[in-house]
Amino acid sequence: MAEEKPKLHRQAMCDRLAMEFQDDWIVNLGVGMPTLCSNYVDPTKDLIFHSENGVIGYGPLAPAGEEDRHLVNAGGQNVVPMPGMAIVHHADSFALIRGGMVDVTVMGAYEVAENGDFANWRIPNRKGGGIGGAMDLAACAKQVFIAMEHTTRDGKPRMLKRCALPITAPGVVTLVATDLGLFKITPDGFELREHAPGWNPEEIQELTEADLIIPSDLKEFRFRD
Amino acid sequence: MKNKIYQTFDEAVADVADGSTFMSPGFSGVGVPRNLLAALHRQGASGLTGISNNCGTLDEKVDVGTLIEAGQVKKMYAAFTSPTHPSQISPFVRMYNEGTIDAETVPQGTLAERIRAAASGIGAFYTPASVGTELAEGKEHRKINGRTYVLEYPLHADYALIRAWRADEFGNLQFRLAQRNFNPIMAMAARVTVVEIEDEIVPVGELDPDKIHVPGVYVNRLVKIPPDGIFD
Amino acid sequence: MAEEKPKLHRQAMCDRLAMEFQDDWIVNLGVGMPTLCSNYVDPTKDLIFHSENGVIGYGPLAPAGEEDRHLVNAGGQNVVPMPGMAIVHHADSFALIRGGMVDVTVMGAYEVAENGDFANWRIPNRKGGGIGGAMDLAACAKQVFIAMEHTTRDGKPRMLKRCALPITAPGVVTLVATDLGLFKITPDGFELREHAPGWNPEEIQELTEADLIIPSDLKEFRFRD
Amino acid sequence: MKNKIYQTFDEAVADVADGSTFMSPGFSGVGVPRNLLAALHRQGASGLTGISNNCGTLDEKVDVGTLIEAGQVKKMYAAFTSPTHPSQISPFVRMYNEGTIDAETVPQGTLAERIRAAASGIGAFYTPASVGTELAEGKEHRKINGRTYVLEYPLHADYALIRAWRADEFGNLQFRLAQRNFNPIMAMAARVTVVEIEDEIVPVGELDPDKIHVPGVYVNRLVKIPPDGIFD
C-alpha cells in the first residue's frame, strides 16, 4: 500500500521551503508547521522574520528560563530579539504587509488548488473562522508558500483542481511542500519539482486530485546538507 | 492638569454602561488588559460589543472570553471567531454556535486598519485583503490601478481598555516589545481610554517626548497594577 | 472719519479669543496673528498646544540663545518643550486633527461669511494656494475661531453675506475677533457680542457687509485684566 | 547583512533617473534632507515629480526649491503652491505662473495620509478635509454616517530623501523632536529610501527596539552628514 511508505517529515518539508528564501528577505511564518522553517539556517543568507504583532527581526525560540514574556512571535512562542529588531504597532505591522514588504509568507492549508487558490481559515458547516492575518498576508506578500500534508487523515487529496472550502486568497500560491514532494504552481497547474524518496510520480498523482505536470528534470526531494 | 490616576480598576470602569462598545487589545496573551477586563467582569455591564483580535482563549487567564462566558457581550468583531484547532471549544465558540452571541470575522490587518481609521477620522478605505473570498461578499469592490480592493469602514468604540508598560501622569504611554500590538491604535480610537500600567506611572516630564508610543491627550484614566494584580 | 478712530490691537483680539479656551483644551494656532493667542496665559487653565508638524504640548517661544533647532511650532518659531510633550509624525498628527481631538483652531482669514464659511488660502487670479493644514483643521476641529482685521487695507468689508474668495471650509466658524469687536456666528448670522471701545454698533455695521445682530446684552470688548 | 552605508551623498542618489518621483520631507525648515537634495541638484536628473509640504522657501538654504529653480522638476504635489505672503515670489511661484511647472495643491493632512496610504497598501480613502471647497471639485464624494467625505488616492514615490537624527547600520531610524514630521511616512512609502544622518550611525543592536521610528527594512541607503555638511 502506497500510504504505508515513509513520507517526508514536517521539518524536511519546511527545510525545503526555507531553502528557497533569498538573502535579505522579509519572511512571515504562519502558526504551526510553518514556524519550523526558522529551524533551517543558511549562514550565507540573512533573513528578517516578521510577525503580525509588529515584531520585525526576531530570532530563534527563547531557551527555557530565558523567555521575555513581552516578546512572542505570531504563534505566541517566546523568541529572542535579534540585533536590529524593531517593534511597530498592529496597524503599522499590517501597513508593512499590505505595502508589499513581505517577500514570502509560509502558511499551512487545508487545500491548495492548481490555480493557486488555497483554503486555510474556515471549515464548512461551522460558524466563523480563524482568519487571523492570513488574508492580508496572502493577498499582499510577494510569494505565498504552503506547507501541508498531501492528504487528509482519511486519505483524501488536498491538492485539488479547485478548492472546496472557502478560500483565503485567489491565485496566490507559488510553491507547495507536502510530505510527498515539492510542487510549483505554474499557469498550467501543479508541477511536481521534487518527489519524496521512494515515491514515483504515478503514486503521487494517485493521491492528487489535480493533474500533475511531470517535468523531464524531475528530481528527488532535497534535504538539508 | 486633570488628575487621570485612579486607585482601583473598579473605579476606572465604573461608568461603562450597558450596550457600550469596548476595545480589548492583546496578541497571543501579551498586552492584554486583564485587570481592567476583570473589573469590567465584576462591574457586570451587559449587552456589550467587543472589538478584539480573538474571542478568548482556553487558558485560565482573564481575557475578553471572561466577559463573553458571563454573557456580558452581545457581539464581537474579531480575526478569530473559531478555534485554530477544532478541539478548542471556547465559551465563545459554544455560544456562537448556539446563536447566543453575534460576531463579525474581520481579517486581522483590516481589523487594525478599521481601528486606525476610527482614530484618524477616515470615513472608509479600500484594502486588498479578503478580495475573492467569502468575507468580501456583499462588500463594495473597486478596481484601482488594476488591483481590486474592498471598501471597509472604521470601528469606533466607547472604551478602550489598554495594557501599557509605563506612563507619565499626563497619560503618555510606552509599551515593551510585543506588548504594543493593538494597544496604541485602540487607545487612539476610543472615546474613553483606560490604561493599566505594569511598571510605573512617572511624574510628567520624565518621559522623552521622542519615545512616547501614545500621546497623553488620548488617555483618560490610568491605574497602576498593584503588586497583587495580574501581570502576565 | 470712523476709520481713523483707534481700533483693537492684534494682541487684544487674540487675548479675547484665548479667554474662550477651556481647561484641558487642545489648541491649534495658525501661522501669523493667531500665534499671539499663546501670549495670553490664564493660570486656572491648562492648555495643550498642538502643531501640525506633530508636536503635542509645546510651550512659549524659546528665549534667544536657547532655541533648539529641532523644535518649532507650525509657524516655524522655536518653542520650548513643556513637561508631558509628545511627538508624532505628520500622518499621526493629522489623524489627531481628523479624529476630532482638536478643541479649537484659531486661524487668520481674508473673509468670513455669516453662514460660517471662511476663506484664507487662495487669492483669485493667482495660481495655486497656501492651504497648509487649514482645510483639515477647519473641517475637523470642534471649533474654528478667526482672528482678522475687520476690513481690507482699502476699507472693504471682510465680514460678508457670502465669501467671494474660494473657501477653506463651509459653515465651520463659530467665533470671530476683529479689530472692531467680537462676533459669534449664530444660525441667523453674525451676532456682535462685544464692540471695540469708542465704536458703536452702527459704525461697525457700516464696515460690515452682512447684517449684524445686535443683542440687548451687547458689551464692550473685554481686555486682559 | 547588506551594506547600506554610502560614503557620499552623490553616490547615494547617483541612480535617480530622469522622470523619477521623489519625496522630500521637512516642515518649517526642520527635517529637510538638504545634503541629499544638494546632491540630487548636482546629479542633474530632470523631469522629476516632487512630493513635499512646500515648493521651496526664499531663504538661501538648499531645499526642494533648489531643484525647481534648476528646472529639474516638472510637477509638485504640495500643501503650499503659492506663497503665504503675496510678496514672496519663490522660483516655484514664478515658474508656476509662467506655466513651466505643474502642481497639485493638496491639503496637508490629505498629503500626509496619501503618503501613508502608499506605504500601507491602501487603495484609496475617504477624508472630510476639503469637502465643500474648490479642491474637492471633480472628486468623488460619499456620505458616510451623515458626514460627507472625498475620495483620495495614495501618493507613491521612487525615492524618499530623508533626514534623521540617528540610525543603526541596518537602517533603523530615530528622529529628534519636530524633525520627525513627514520623514517616517515618506521613508515607508518610497521604493528606495535614502537617509542623511545628523548625529551618528551606530552598530546594529545599539538602538532599543521599542524606540525606533522607522524600521530598518524600509531603509536602503544611509549617509552620515560629514562635519562640513549641511546640518541646519
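Residue numbering begins at 1 within each chain, and the chains themselves are lettered A, B, C and D in the order written.
Rule of thumb we're sticking to: contacts are C-beta pairs under 8 Å (C-beta built on N, C-alpha and C of every residue); 3 or more make two chains touch, one makes a residue touch a chain.
Quick caveat: nothing in here was measured; it's all calculated off a predicted structure.
Farthest from chain D in terms of Cα centroid separation is A. Chain B and chain D have CA centres that are 33 Å apart.
Remark: chain B and chain C have CA centroids separated by 37 Å (rounded to whole angstrom).
Chain C has its Cα centroid 57 Å from the Cα centroid of chain A.
With touch defined as above, residues shared between interfaces to two or more other chains in chain C number as follows: 81, 87-88, 91, 94, 97-98, 140. Residue positions of chain B touching 2 or more other chains: 113, 116, 120-122, 127-128, 175-177, 180, 209-210, 213. Which chains touch which is summed up as A-B, A-D, B-C, B-D, C-D.
Contact residues on chain D toward chain C in their complex (touch as defined above): 27-31, 53, 79-84, 86, 93, 96-97, 103, 105-110, 112-113, 115-116, 127-135, 165, 175-185, 213, 232.
Here chain A touches chain B in the complex through residues 31-32, 51-55, 68-72, 74-76, 81, 87-91, 93-94, 97-98, 122-123, 126-137, 139-140, 166-171, going by the rule given at the top. On the chain C side of its complex with chain B, the touching residues are 23-24, 26, 46, 48, 50, 56-57, 81, 83-88, 91, 94-101, 140.
Interface residues of chain D, counted against chain A in their complex, comprise 1-2, 116, 118-122, 168, 170, 172, 188, 204-205, 209-210, 212, 215-218.
Against chain B, the residues of chain D that register as touching in their complex are 113, 117, 120-128, 142, 144-145, 147, 149, 153, 174-177, 180, 209-211, 213.
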